[in-house]
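As written, the chain order gives the labels A, B, C and D, with residue 1 at the start of each chain.
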Amino acid sequence: MQLGLIGLGRMGGNMRDRIRAAGHEVVGFDHNPDISDAASLAELVDKLAAPRVIWTMVPAGKITEDTVDQLAELLSPGDIVIDGGNSKFTDDAPRAARLGAKGIHYLDVGVSGGVWGKTNGYALMVGGDAAQVEHCKPIFEALKPAGEFGFAHAGTHGAGHYAKMIHNGIEYGMMQAYGEGYEILLASELVDNVPAVIKSWREGSVVKSWLLDLLDRALDEDPTLANLKGYVEDTGEGRWTVDEAVRLAVPAHVLAASIFTRFESRQDDSPAMKAVAALRQQFGGHAVKR
Amino acid sequence: MQLGLIGLGRMGGNMRDRIRAAGHEVVGFDHNPDISDAASLAELVDKLAAPRVIWTMVPAGKITEDTVDQLAELLSPGDIVIDGGNSKFTDDAPRAARLGAKGIHYLDVGVSGGVWGKTNGYALMVGGDAAQVEHCKPIFEALKPAGEFGFAHAGTHGAGHYAKMIHNGIEYGMMQAYGEGYEILLASELVDNVPAVIKSWREGSVVKSWLLDLLDRALDEDPTLANLKGYVEDTGEGRWTVDEAVRLAVPAHVLAASIFTRFESRQDDSPAMKAVAALRQQFGGHAVKR
Amino acid sequence: MQLGLIGLGRMGGNMRDRIRAAGHEVVGFDHNPDISDAASLAELVDKLAAPRVIWTMVPAGKITEDTVDQLAELLSPGDIVIDGGNSKFTDDAPRAARLGAKGIHYLDVGVSGGVWGKTNGYALMVGGDAAQVEHCKPIFEALKPAGEFGFAHAGTHGAGHYAKMIHNGIEYGMMQAYGEGYEILLASELVDNVPAVIKSWREGSVVKSWLLDLLDRALDEDPTLANLKGYVEDTGEGRWTVDEAVRLAVPAHVLAASIFTRFESRQDDSPAMKAVAALRQQFGGHAVKR
Amino acid sequence: MQLGLIGLGRMGGNMRDRIRAAGHEVVGFDHNPDISDAASLAELVDKLAAPRVIWTMVPAGKITEDTVDQLAELLSPGDIVIDGGNSKFTDDAPRAARLGAKGIHYLDVGVSGGVWGKTNGYALMVGGDAAQVEHCKPIFEALKPAGEFGFAHAGTHGAGHYAKMIHNGIEYGMMQAYGEGYEILLASELVDNVPAVIKSWREGSVVKSWLLDLLDRALDEDPTLANLKGYVEDTGEGRWTVDEAVRLAVPAHVLAASIFTRFESRQDDSPAMKAVAALRQQFGGHAVKR
């Protein structure tokens, strides 16, 4: 089938390649004319036959919002807009309503897979109505990994981004679990070959995972991670996951701790710990660092 | 080669099968005569040609300690004792010393794989001297999964059990991360097919893992886990991991939280939260449950 | 001076008493005519001389919002509205703007003290402009404890509720710290008089506090807290505190854990721990509870 | 009454002053001859009339252990040794047994109060037998604050140090709660006078405490804590508290998090977060810091 794809960066570019490789027609649009298949959104729309399916893969927030609103002006009743970016799930229902007022359909898709998706396929979680999910199945089939896994119709508008958000929250927790275990191994007086231990877990163990494979890969390249700083950014999904846990009264000790350690990793000094140091000095006369 | 194997329960029995399937001779001993290949430890030792290799796979603690001490009486200089049970790493150096005083060698092996190991192979982490590790390689090769992964000589005496302990600590953290994410998904108003979301992550996603495969398998059998209580035991390794983090001054928020939630899962009522409820009642006149 | 006070419940009623005891005139309004000094908001406004100061002490959310909007219709330029309820800080700037459009001033006040405030005085944290803070000083002086503490002009509109929110977040953390320590003491094989230990900390110790006094008081009434369940509600402030920590990238392990344990205290069963139990059963054949 | 006091440092020296001020005779011993009342332990013992009471206030661990063992040689049946240092509770029962074999009694005392104890009195938690607790009451009365609080006979040998250990664990949690709240206040866009907010909580609020008074005092001296680094040491008690929580299966999220944040405060870089950064780079091509 035919797909319009907006945003041909690291993710979108790879996705275009993978969808085309599956035999579909992709008309891509990007602000970089060197990689764009159309000179403007209007031209992109013109190049597609109705009912059109247009997938946005641009930065979440204002850029996605603006793109969707521009599409609302350009598209026709019966067309479908899919947002595969990292939008917050709360943006989806209002968007679906705005588009729906013009007869345009909307799907939100959480996309996992990172730079490996082009080769391995992307895990897709979709929110929206069944009819549109069915209509777009060929594209989803092209993007997802071969086999029975890697795709879910998660629920109504927002459910796709919601499922992806939780996916990322879990991802933070898993990474932190590996990180903490790795650090204790390094500190141990007994274990003298930590990379070998990591490698031993890749098959046969309970903790085997793709993330573990990647940790082993990183240690192959740099056995002590000497070329890295323990400085870790976070994107919105991890924060939203904690907000949702709080809103829904779900205990989420591990997911919250995983985001807090990232915050810590980026602090030069901690005001909280300055206060604690001040208190120890006050009551115990304990030495402090200045 | 030839191996003596003590303890033919769920783990040991499967291991005997797997080692034999690889073409080695295993003389097993168990207190259950129906499955034992020898009537006594002494007979087991007699049936093996020196230098003997004897692997204990019995409950950690006193039973393992007693078994090793009995072997110390029965074996000859040059023989090798391997403990593959869940012994605490601090037991290994004293054991190696006691055996070493009689010229008997010792290896500690952390074994992961659970009930799946017989088919998939077991991940093995070994502590001890290189010469004995080399000598026992054929047995390790038989037990581990095919391919380059699933085996490490982690370090000196105790390093095998240490690596397995950390493995289990990480396992707790990963399971808790999945559990928390699963619970938020269930609570969400948007996602109406949680098992499908879990299934979608099995390929192409960043959180794919064997544990996730098993969660999906559990949900296939019981889509709402209605037949289970949220009651989770813990074995020593998770606790020792936290103790080690504390001893070595390694921040381990996630691993500690994961064991604490297990403690909580087993409490009928929480004295800590009774104290908190009492405080709220005292200062705010807030209602309490009686 | 003269004050209108809306809401004469547990908090508002006590506050009226305390302000009157300081020699000020309070015209109170409540939907309960038995305790109200005015039959309606309009009558309340009529009874006050301009420039009026009216303090709302009603449930946060829609009730407070509606009350403020009604006041906006009834009051005159130069009057001052003070909200002393538990409003979320994000409500304050919009409210100040709505009132300000009519020339009415606004202050937000976080009020701490609970049922003890009538006697001991209330700690007050105020947000808004200095001129209005100054104008209302006599009322603040009447409500606050004697001496130099118990009052702060924290910042602009919203800062009063913000400071109170953080106060409550800290309160959760302190209560949880006491609760956990109390539970370990109870579990100890050595300590046989836990209430005596709590009592010993009330003077001379580093952990002495008013909350500790109250814990001792509760244990005097019920030495084993046998008449309480470990079931703890939470109000919005604790949750908002965590949301703010997440928004501002402040690590808040303790404050977040304190709210999560409250969530846990109210769960009959934990979906997260069901998932963990399911995983253990899947990989290890571990027994589960049904 | 008469007391021998070993160790006249920051704590012991102040305690000697306070006990003397209460009218008791204190013979102090210290390795520093300028402040010592006796040239040797033997001379100290000689200067006291039987039954002697000797209080050790020296660094926990080997120094305390050695001092107690020397006293065991010098003292007579019926004498009493009191350890008021920060010994681990597990040292007490063996010590009591060693001394008891010679007819010498033993008490362990947890002492809280820091540099303020000389003036305010010290909170005392005592472990041992009632007869010796009774015998030493005059000394305890001299050390404790005036009034009904500040003293407990907590239980058998070890209970005094145990109660002090938990006291310190709680102290860590409270300090961390204040620290986190303080940091969020600092980060807030609304609150522009954080020290004033802290000060407002000192009376009338639910979070008032002696620690809060000290935080206010520290902010009076240095309003932004600019002269401090957020680097916080920890002594054994906080770690032992977590170990006990783990041993006794008591959930202790807050106490554990409070010690982990101290570990973090002392790390130049975090191996765990290096591993997390490496993983993000591997799967997502995310930028890293080098």
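Convention: a residue touches a chain if its C-beta (ideal position, glycine included) is under 8 Å from a C-beta of that chain, and two chains touch if they have at least 3 such contacts.
To keep track of the chains, here are their UniProt names: A, B, C, D = 6-phosphogluconate dehydrogenase.
The structure presented is a predicted model; accordingly, all values stated were derived computationally and were not measured.
At the interface between chain B and chain C, over half of the residue numbers appear on both sides, which makes the contact a same-residue one.
Averaging C-alpha coordinates per chain and comparing to chain A, the farthest chain turns out to be D.
Overlaying chain C on chain D by C-alpha atoms takes a rotation of 180 degrees, rounded in steps of 5.
A straight line joining the Cα centres of chain A and chain B is 33 Å long. Note: centroid distance chain B to chain C, computed from Cα atoms, is 47 Å. Distance between chain A and chain C, defined via averaged C-alpha coordinates, is recorded as 38 Å. Among the residues of chain B, those touching two or more other chains are numbered 114, 176, 178, 180, 183, 206, 210-211, 245, 249-253, 257, 260-261, 264, 270, 272, 283. Within the complex formed with chain C, the residues of chain B that make contact are 10, 114-116, 175-176, 178-180, 182-183, 186, 210-211, 214-215, 217-219, 222, 225, 227-233, 253, 257, 261-262, 264-265, 269-290.
Against chain A, the residues of chain B that register as touching in their complex are 89, 112-114, 117, 120-125, 127, 144-145, 147-159, 162-163, 166-174, 176-178, 180-181, 183-185, 187-188, 190-193, 196-197, 199-212, 241, 244-245, 248-255, 257-258, 260-261.
Those residues of chain C whose C-beta lies close enough to touch chain A in the complex are 206, 239, 242-243, 245-247, 249-253, 256-257, 259-261, 263-264, 266-267, 270, 272, 283-284.
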